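To keep things simple, chains are lettered A, B, C and D as they appear, and every chain counts its residues starting from 1.
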Amino acid sequence: MTAGRPGTGGADAGFTKSEMMIVAAARELAGQRVCFVGVGLPNIAVNLAKRTVAPEMELVYEAGVFGARPARLPLSIGDPTIVTGATAVTSMWELFAYYLQGGLIDVGFLGAAQIDRFGNINTTVIGDYTRPKTRLPGSGGACEIAINARQIFVIMRQSARSFVDRIDFRTSPGNLGGAEKSERIRREQGWLGRGPSVVVTDLGIWHFDETGEMRLDFLHPGATLDEVRATLGWAPHVSASLAPTPAPTEEELRLIRDELDPEGMYTK
Amino acid sequence: MSGSKVASMRDAIATLVCDGDTVAIEGFTHLISFAAGHEIIRQRRRDLVLARMTPDLIYDQMVAAGVARRLIFSWLGNPGVGGLNAIRRVTEGADASLELEEYSHFGMVARYTAGAANLPFMPLRSYFESDLPRVNPLIRPIASPYGDGTVYAVPPLKPDVTVIHAQRADAAGNTQVWGLLGCQKEAAFAARRVIVVVEELVDEAVIRADPNRTIVPGIVVDAVVVEPWGAHPSYVQGRYDRDNRFYRDWDPISRDPAATDAWLREWVYDLDGRAAYAEKLGQERLDSLRPSGSAPSGAVDYGEYR
Amino acid sequence: MSGSKVASMRDAIATLVCDGDTVAIEGFTHLISFAAGHEIIRQRRRDLVLARMTPDLIYDQMVAAGVARRLIFSWLGNPGVGGLNAIRRVTEGADASLELEEYSHFGMVARYTAGAANLPFMPLRSYFESDLPRVNPLIRPIASPYGDGTVYAVPPLKPDVTVIHAQRADAAGNTQVWGLLGCQKEAAFAARRVIVVVEELVDEAVIRADPNRTIVPGIVVDAVVVEPWGAHPSYVQGRYDRDNRFYRDWDPISRDPAATDAWLREWVYDLDGRAAYAEKLGQERLDSLRPSGSAPSGAVDYGEYR
Amino acid sequence: MTAGRPGTGGADAGFTKSEMMIVAAARELAGQRVCFVGVGLPNIAVNLAKRTVAPEMELVYEAGVFGARPARLPLSIGDPTIVTGATAVTSMWELFAYYLQGGLIDVGFLGAAQIDRFGNINTTVIGDYTRPKTRLPGSGGACEIAINARQIFVIMRQSARSFVDRIDFRTSPGNLGGAEKSERIRREQGWLGRGPSVVVTDLGIWHFDETGEMRLDFLHPGATLDEVRATLGWAPHVSASLAPTPAPTEEELRLIRDELDPEGMYTK
C-alpha cells in the first residue's frame, strides 16, 4: 500500500514523514472547539482531526464559512464542497471582523515558509523585501489570525532554510523576542491571542516553554535528534521527557490515503 | 425598473475599462471572472493597477500579458499548488518591474469596506509587531479616541472598475449570489464603475421573490454581461466545480515564458470570447465539472401583505 | 453538533439576565421579542440598562414596569402614532429619572458593529454640526491618519445580553432570518450572552441546506426559546403581520399610568407566558394577522460536491 | 367623499390642507432616482410620488430595504409589505454605510418638529436637553441623512411653535447659519449632501435662495400670506413670482383616500 511513497518514516514504518506530520498535527486538535483553517498542510490536518479526534470541532474557512463539512478535501481553501452543508456562509468582512477579531476562534492553524525559535512567521519574502530572492505568497489572513485567534498551531516541514535564527520578514507575530516581551505587548495592545502553542514538523512536535521558545517534546518514529539539529538554525530546547510520537494508526492512514488525499498532493 | 444594462463582454470592457485604471476583479476562489480578465488582455489595456485579495491565475495571466503596472493584494499564490510564476518573474531579483502594494486579507477587505462606506480609513486589529506596516506606509497606527490604546488603519480602496461574476442578475443589474460571498459586495459599492458577469440573466421577478439574496443592487451596476462558464477555471456554486486540473496544469506552463505566451495566444488572443473558450475546452471537460448532485436550499415564504 | 440549547423563556431569562445588566432586545420594527421583554418584567429585574435603536412599545412597557435605570437609543417613538408615553413621563420636566444615552440610528448600528468586531471605536460620517456630540460626550471627533479630515467615532456597545427573535433556529442556536435584518447580527456577536427566540425549531439539516441564510451561528448563542407569536405586536415576515391596532391602542393606555399598570397586570403579570398571551389574544385576532397570501422565495441549488 | 374631513384647503376646495401638502411634496419628487423615506408624512408623500410623478424612483427604507414596492402604505417605516417584492434587503449597517454614506441617495425625505429659516432641524427636545418640556423621538437616521443624502426634502405642518427663529436643539444640520458657511463647512468636511432644497408645508412650498434661507415659492389654494406669516417665527423671504400651488387632481386624491390612507391617519 505504501510502495513507492518516498520519505518513509522509518525503514519499515509503513508511512511517510508527511503522513506522520499530518497525523501528529491532527491529534493536537483534540478538544478544540473552533479552528480557523489555513491553506495547504493545515487544511488536511484539520480535516483529518475532524474525522478522528475532534468530530465536534467547527471548521472556519477565511473564505467565509463557519461549520464546514467538506465531503472531500479541497485543494484550495475556497471550494464549493466547504459551502454545501455548512452551518453559515458570511461575507469576508463579517468573517474577519465578527468571527476572528470578535474572538470566536480557538485555534488558528497556519503554515509558514520561515519560522524562528519564538514562533514568529515569515510567509512574505526570502531575502530583501524590495529585491527579494524569492517572493512568497504574503500574509493572506495569517497576520490577523496570529493576533486574534486564541492560540496558534503551525505545521511545516523542518529544514535549515525554514527553521532559522532570524526570519527575513516578520509577516505574523509569534512570541516576538520571548515570552516576557510577548506577554507584555499582547496585554498592553489588547490582543486576544496568546500566541503560538504547537509547531508540528516532519520530525517531531514542538510546544513552547516558559521562555517563549520552542521545545521539542516528541520525536517522530524514525527521526533522530541529529536530524532535528541539522534542520534547525539554532540550538534547540529539548524536553527532558522527550517521547516518541505514537505512529499513525491504520485508520488514520486509511483516511489520509483513501479519503483525504488519494492523489498524494499533501503526502508526497 | 431602469433600462437594460445587458452588454457584450467586448463592449463592456471597451466602454468601461481604460488604460491606467485601477481594476478589481474580485471573487475569493469562487466566481472569479476569468472571462473579463481575458477580454482585458485581448483589448490590450495597459498600465492597469490590478487590485485583488488573491491575484490567482487570472492576474498571473494578465501580468504575463503586460496589462499591469501595479498590484494591490494580500495573498499571491496558486492555492495548494505553488507560486504565481509570471508574477514572480517580475517581482523577484534585480529586475523586479511590477509595483507591489501589499496588505493582509483583512486589510484588503477593510480597504474595500472603507471604500464602499466612503470612510477615510477603517480601523482593524492586525499588523501589530508585523513588518507589513514598515514596508507599506499606507498601513498606519491610529489611537482610539477613548484612550484605550492604538490599532491600525487602512485607507479606502475605490477601484475605477470592479468586475464580479454571479449566478444571476436581472437586466438592471440586480445581482444575487449564493455560496462564498468574498468581498464582492464591498468591492462593487466601492467602485466608480461596476461590471457584473452572470451565468444566467433572469427576470426581475426572480430577484424580487428573494430580496435577502441580493448582494448588489442595479443602481451601482453599469453593465450586465451574460457569460456562461465565464468563471472557469474558478467555479460557480451549484453550477460547476473548480477545475483543479487547470490550476495544476498552469504551474508548468507559467514557469516557462514561451509556454505562457503560447497559452495566451491559443486560449485568449486567438479566441473571440468566452463561448469559443468553452467550446474549445470541450463538452467532456465541461461535463466533468458539473456537481455530482443537487443540493437544493429549500424555499422560504415572505408572505403577501396587502 | 453541540448539545441542545433549547430552554423555556422562564429559565432563559432567569439564568441569563441579571439585575443591572445591559440588555439589548433588538429587531428594527421586525422580530421584536415582546415575549422576552414581558418575561423580564414578570421576573421583576431591576436597574437594567436597556439598549435598542427604537425602544418601541416593549421598552415603554418595561420602563413602565420599573425594570430600567438607563436607556441607550436612537429613536424614541411609536412609529406613525406618536410618542412613548411611559418613557416620556420619566424623561420630561424636573422629575426626569430615567438616564438617557442618545445616538442616531447609524451611531447605534456602528456601536454594535464595533462591539461585534471588538474594535475600540467605529468611525462614521455623521454628527457634523449637530448638537448630539455636545450632549453625548461619547460621540467624539477623530482625525483621519491620512490627513484628509476629521470624522466622528462612537464606542463599541457590548451588551451583557442580546435577545433576538427569528423565524427559525436549530437546537444548537444556528439561526436564520429573512425580511428585515436590522442590527441583530451585530448585536448578537457583540453580546456576552445571547438568547434566540424562534417561531419554529428546525432540524440542523434545514439550516445546512441554505447556509447563506444563517445570520447568527450557534456558537454565540446561549439559549434557544421556542415561542410562537413571541414577537406580537411586532411581526414575523411570512408568518404574521404587524398588529398596527395594538400600536394605536397603546397610545391612550400608556398616557394613563393607572391604565398602563392595569394593562401590565392583565397581559403580563397575570399570565404565565406567551402561550397564555396568544390564547388571550384569541384566535380571531391571531388569524387577522396572517399574511393575505404566500410569496415563496424560490429555491437555489448549492450543488453536491464529492 | 370629503364630508367630515376637517381643515379643508378652501371653502369648497374638496381637499384638506394635509392632502394638499402631501400632493405638493409628492410632485417635488418628479425626476428623482433614489429616495430615502423617513417615518410619518414623508412615507405617504413618497409612496404617492411612486404612484404618480416618479414611478421609476427607487424607495430606500432605513430598515434595510432598497427598491421597495409596498402594496399598501405601512404605518411604520418597517413593515412586511416593504420587504415582499423588494429588490434588496440588507443589514442596517450596510444600508447606512454603503447606500447612504456611500452616496447613493439622491433625496433624503424628512419630517421635523422644529425648523429654522436655514432648514436646520430639531427632532430631539422642546426646551432644555436635560430637563425638556417635551421629549421628542430624537434623530433616528435623520442626522446622517441630512449629512449624506445629496439633498434634503422636508415635509411638516407650519405653526409658530414649529417654524421658529431658534430651534431648541440642532438634531440634523441644514444650511447652518446661511449658505456661505454651510457650503464652506460641507466642502471642508467632505459632506456628500448639499443640504435642504425643499420644505413643503400645509400652506405652501419653500425652496432655498442663494443666502441659504427658505423662500416661499408657492402658496397652496386657500392659504394666505398672512396665515404664512402668523405661523412663522421670522419675517419670510417670499418669491417675487409667488404662484399658487396647483390643486390636487382627482387621481391624486383617489390614491390618497382609497389606496394609501383609507383610514385618514395622515390626512386628518
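Methods note: contacts are C-beta pairs under 8 Å (C-beta built on N, C-alpha and C of every residue); 3 or more make two chains touch, one makes a residue touch a chain.
Just so it is clear, the structure is predicted and the values come from calculations on it, not from any experiment.
Shared contact partners of chain A and chain B, listed by label: C.
If you average the CA atoms of chain C and of chain D, the two centres end up 28 Å from each other.
Note on chain placement: the centre of chain A and the centre of chain C lie 41 Å apart, centres being C-alpha means. Distance from the chain B centre to the chain C centre is 37 Å, each centre being the mean of its Cα atoms. Remark: chain A and chain D have CA centroids separated by 59 Å (rounded to whole angstrom). Counting only residues that touch two or more partner chains, chain D has 65, 79-80, 83-85, 89, 97, 101, 148, 190, 192. With touch defined as above, residues shared between interfaces to two or more other chains in chain C number as follows: 113, 118-120, 124-125, 148-149, 178-179, 181, 185-186, 209, 212, 237-238, 241, 291, 295, 302-306.
Every pair of chains that touch is listed here: A-B, A-C, B-C, B-D, C-D.
Within the complex, the chain A residues that touch chain C are 33-34, 56, 58, 65-67, 69, 71-72, 79-81, 83-89, 94, 97-98, 101-104, 148, 190, 192.
Chain B contributes residues 28-30, 53-54, 73-77, 79-81, 83, 87-88, 91-94, 96, 102-107, 109-110, 113, 124-132, 135, 148-150, 178-183, 185-186, 235, 237-238, 241-242, 244, 247, 291, 295 to its touches with chain A in the complex. Contact residues of chain B toward chain D in the complex are 1-2, 113, 116-120, 174, 185-186, 189, 207-209, 211-212, 214, 217-220, 302-306.
For chain A in complex with chain B, the residues that touch the partner chain are 39-40, 43, 62-65, 74-80, 83-85, 89-93, 96-97, 100-101, 124, 129-144, 147-148, 169-173, 176, 185, 188-192, 265.
In the complex of the two chains, the chain B residues touching chain C come out as 118-125, 138, 140-142, 144-146, 148-149, 151, 153, 155, 167, 178-179, 181, 206, 209-210, 212-213, 237-239, 241, 291-306.
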